[in-house]
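Two complexes are shown next, each including chain A; its partner changes from chain B in the first to chain C in the second.
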Partner chain A sequence: MRVLYTSLKYLAVVLWSTFVIAPFLWAVSTSFKDFQSVTNGATYIPWVDFEPNLEGWRALWKSPAQGGVDIVEPFFNSVFVTASGSLISIVLGTLAAYALSRFTFKAGFIRNGDITFFFISQRIMPPVVLAIPFFIMLGKFSLLDTLAGLIIVYIVLLMPIAVWIMVDFFNKVPVEIDETALIDGCNPLQAFYKVVLPNSIPGIIVAGMFCMIFGWTDFFFSFILTFTEVQLLPVAIVALNSSITPWWSLSAAALVSVAPLVLVAFIVERYLSKGNLSGALK
Partner chain B sequence: MNFKHKYLFLLPGLLVLLAILIFPIGFTVRLSLSSWDSFYPALDFIGIENYVRLFTDDARFWEAFGRLSLLSVTTVFLQYVIGFGLALIVWKEIAFQRFFRVLFLIPMMTTPVIMTVIWRTFFHESLGPVNDILSHFNLAPLWLSSETLSKFTVMIVEVWQWTPFMFLLLLAGLLSLPKEPFLAASIDGAGPIRTFVYVTFPLMAPISIGAIIIRLIEASKIMDTVYVLTSGGPGTATETSSFYIFIKGLREFQFGYSAALSLTYLIIMIISFTIIAKILVKLMVRGN
Partner chain C sequence: MSLIASNLSFKPGNEWHLDNVCFEMSKGQIYTILGRTLAGKTTLLKTLAGLISPDQGTLTLDDRDFGSIPVWKREVAMVYQQFINYPHLSVYENVAFPLKQRRMQSDQIKARVMKALQQVGLDGFENRKIQALSGGQQQRVALARSLVKEASVILLDEPLVNLDYKLREQLREEFRNIFSSEASKDSILIYSSTDPVEAMQLGGQILVMDEGRILQQGTSKEVYENPNCTKVAQITNDPAMNLFEGRVEAGRIILSSEIELELPQHCKRLATGSYIFGMRAAGITLNQTGFPFSVELSEISGSETFLHIRHEMIGVVGLLDSVQNFNTGEVVRVQFDTMQLYVFDQNEQLVSSPYCGLE
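== the complex of A and B ==
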């Protein structure tokens, strides 16, 4: 019975791991192929099934004119938009979350809970509902096809996440910390940034990671709201998909874009194992 | 605790969010009452004509909605079962515990559209590895161009992408559970199955409900994956509500009509989530 249970457990883990890894292995293998080894049917192992070459990877640095798939600029655009959007969302979201966790607000029938719900409920909004009005609004302010326009949109996308995680986090930070600081003669502003903020670093990191994930992986808004001047990484890569697909450079580009956040998985796991996530995620 | 400058903390975030959102929402409401399209791009007023058309003369919207419900409920259910199973396994002692925890998280860190591009080559009907392996058994399923199977392919990709999210929330929940109930259960001589049914599952009920609702909300927005994998096809076999609205609004430029579709879709979503949340609470909490 015990042996059966253990072997079933490991069988499940191995099966699921294979499923998780499979597309990555396929992409790594494909990124070293050329036209021949892609179009002659599926091949897997370099040197055995096909002769590997670096064309797919070299294409990443070449301009489209040279037959490449310039993803360097889209990569840094993505970094810039994700970082700015996350930073603004975290700053504004943390302040708002602190207020919602510590002070009482009343306006008519509206209470703290309702304001928190308003923030978080923005996640329910399907992107497609906002797309057309955003398109028209950004057009009015000449912000279509600019990084600034995208950052504005990303704030709507990311601030709900920041508020959601930080409200729960602040609710777990004992109020006594703030009160001690106040008794020591700080005003509430000082108490916040001298005492509460340093104690909230784990929460801010978790919120930051989630903002980064949801910012970096967004496709729809940059797809709708940018055209030629500004291109983000996912849009650049999906654009490759529609032309006569060069599977090798497509796979190489995909791996480059996916790699940075895979590192985040390690950080998330560390926090998880230390028990810091449980409070922040409920 | 109170403080006269408390609005300094709340207002910057709240005002920024309101400023960015008020126009889009107000404008969508107004737009839904107009006939704005590419032939006649102006904000006229045609009353509720768009809504009448939607409810009486648009089977495609309701089919897309039915398909979306099927896709999201099935995938979220699978994600919950698999995610819970995996979380339970790596919660306890297991070889390479931390390695598996990291590995199981990785898919949610990847960009859905980009992985979908890879999946497209993976499920390619003549050049992909899946059909290459299946060809040894004389099988050649049409993963992307069969009406039934393409739905299944979308589900596979969705389950791969988002089971990790469910896994993360549930593992974080498991790690935060108190130890005493488990001690009590083992003193009473309960085996693993009884412990799960009478201790773990009830304790996890609130977290489970939260995780399922979050995932349902995200799943209800699905369109990126569909756009890249099948473009809603073959025909309309994998078209979801978001994707249909996208086609009406940003491909056929029927702005007025797509605004009406958007608002209807949003309201249906809010109502369904409220009902589903109530049902889940009843099922999972009162049952125990």
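== the complex of A and C ==
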């Protein structure tokens, strides 16, 4: 019975892993194919089913005039907008979350929980509801089709995620740690950055990861709020899908778009899997 | 050096957390704040630390206004009942933290940290991470951090409550040695506890608190021998002092239709009337010629047995100095040692005790 249970468990893991990894492997395989290999039916194994080549990858940094798809600029635009938006959201969101966790706010019927909900409500609304006001406001300030405009929009979209995660995290950090820091000679600001912040790194990393994922994968707002001057990677990749889709370059571009998130996930994995608060309060 | 609190009051909602608290404390002394959970002990300690601003009242230290000094500039140290340390720092860095905040020189910091770690028996643990320590060791780190500051006021908020029994006994002894040492002779040590045994063992002065008020202050001997009211009598005894109502008539104490006791010598001058009588568990023993009580519960604790027994409206706990088993509902014969009898009036104030007689 135990052997059967273990076998079924491993079978389920293998099936799920295959389901998750298969599209990724398919994209890797396609990125090394050429027109012939893609259109001649399903082929799987390089050097056996098809002859691999790097044309799909070389096309990524060639201009359209040279027969390429040029995703270098959209890639770095995406890096800049996502990194800036995430960083500012984390800084502001962490400060807001600390205030919401530690201080009591009262304004009429509004309390801390209501303020936290107001932040989160930004993410509850369908994106299209926010698109028109964003479009009008950015237009008024001449920020449409600019990186700065996109960064502002991303801050609005990403900060609720940071606040939501960090409020929950700070609520789990015993307030006695802050109090001990005060007693040990820190003023409130020092207590925050010398004691609370270093112990909140796992929470900040988790919040940062989510901000980056949501920012990096956003298509809707980058599509609505940009035209010709600025293009982000998701829009650039979708633009490759035309009547003659270069599937090999599309696959390579898709892999490039996934790579930063995979890289970051590997780097911060140890923070995601365990907290750093054991020992603060046994 | 003396710390004086005058009329400290704090009422954050509908209940008083501190109600007109007044006391005077001197350096080199241990003061134990003894009270049940929610008595206001932690609120009082946090007020002394500056973490809570009282609604009214003043705090002075050596005639200086202590209450208006911000917490990070006050000369206080505090150890919590949870083992609060900085998990991102090593043991050494934890203990050195308050000294670094004062911008002391590193050689001075090192000397003081090593001395404090030696005092709490953690020399050799400097480079360990907090997470790698046991609960008792973590609490020693917190204690070392409080000692290293050489603060004027050291606050210990039930520091042993989350430790297991053996470790609690061991650390309590070590605490007493540390506090009576040279290192803490210039400090006022304030220790809060719910455990009367712990308070008595620590010695020094006891302040008994309940519902935000200080009910009695005195040496542990004074408080033990002459609790000034029924609440103090219950708070300072474990198990709580037995209280039962009765009347004094014609030189006898009448507790029920079946139970009458001879007035002991220290109660001879009691006037006829109704009183509340008190007796510690140790004053109630089994005796074949005693009064019939039925067993409600028997609890074995170490080498002793606590016997919860009832006769009509009189429910009491007796202490037997041996391990014995009883069935619920079993009738036992009980004797009251009236030489240990306390008498309180209808306002629950002490009228007579075995130690002071009738005032």
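Everything below uses one rule, namely that the second predicted complex is superposed on the first by the 263 of 282 C-alpha atoms of A that agree within 3 Å, B and C clash if a C-alpha of one lies under 4 Å from a C-alpha of the other, contacts with A are read in each partner's own complex, and residues count from 1 in each chain.
FYI, contacts are C-beta pairs under 8 Å (C-beta built on N, C-alpha and C of every residue); 3 or more make two chains touch, one makes a residue touch a chain.
All of these numbers come straight from a predicted model, not from anything done at the bench.
Q: Taking the superposition as given, does A:198 touch the first partner, chain B, the second, chain C, both, or neither?
A: The answer is second: A:198 touches chain C but not chain B.
Q: Would you check which partner chain A:217 touches, where first means chain B only, second means chain C only, and both and neither mean what they say?
A: First partner only.
Q: Of the partners chain B and chain C, which touch A:3 in the superposed model: first, second, both, neither?
A: After superposition on chain A, A:3 lies in contact with neither partner.
Q: Regarding the shared-chain residue A:107, is it in contact with chain B (first), chain C (second), both, or neither?
A: It touches nothing on chain B or chain C.
Q: Once the shared chain is lined up, is A:179 touching chain B (first), chain C (second), both, or neither of them?
A: Both partners, chain B and chain C.
Q: Could you tell me if A:45 is touching chain B, chain C, both of them or neither one (first, second, both, neither)?
A: In the superposition, A:45 contacts neither chain B nor chain C.
Q: With both structures superposed, pick whichever of chain B and chain C touches the larger number of chain A residues.
A: When the residues of chain A touched by each partner are counted, B comes out ahead.
Q: After lining up the shared chain so the two structures overlap, which partner does A:269 touch, if you call chain B first and chain C second: first, second, both or neither?
A: first
Q: Just to be sure I follow: which residues of chain A are touched by chain B in one complex and then by chain C in the other one?
A: In chain A, positions 179, 277-279, 281-282 sit in both the chain B and chain C interfaces.
Q: Hey, which residues of chain A end up touching chain B in the complex?
A: Answer in residue numbers: 5, 9-10, 12-13, 16-17, 19-23, 26-27, 30, 38-39, 41-42, 44, 92-93, 95-96, 98-100, 102-105, 115, 119, 122-137, 152-153, 155-156, 159, 163, 175, 178-179, 188-189, 192, 213, 216-217, 219-220, 224, 233-234, 237-238, 240-241, 245, 247, 250-251, 254, 257-258, 261-262, 264-266, 268-269, 272-273, 275, 277-279, 281-282.
Q: Looking at the complex, which residues from chain B come into contact with chain A?
A: Listed in rising order, the residues of chain B that touch chain A are 1-3, 5-10, 12-14, 16-17, 20-21, 23-25, 27-28, 31, 82, 85-86, 89-90, 94-95, 98, 100-115, 117-122, 126-129, 131-132, 160, 168-169, 171-173, 175-176, 192, 207, 210, 217-218, 220-221, 223-224, 228, 241-242, 245-246, 249-250, 255, 258-259, 262-263, 265-266, 269-270, 273.
Q: Quick one: which bits of chain A touch chain C in the complex? Just the residue numbers, please.
A: 174, 176-177, 179-187, 190, 195, 198-199, 276-282
Q: Name, in rising order, each residue of chain C that touches chain A in their complex.
A: Chain C residues touching chain A: 46, 49-51, 70-74, 76-78, 80, 82-88, 97-98, 101-102, 129-131, 133, 135, 138, 145, 149, 162.
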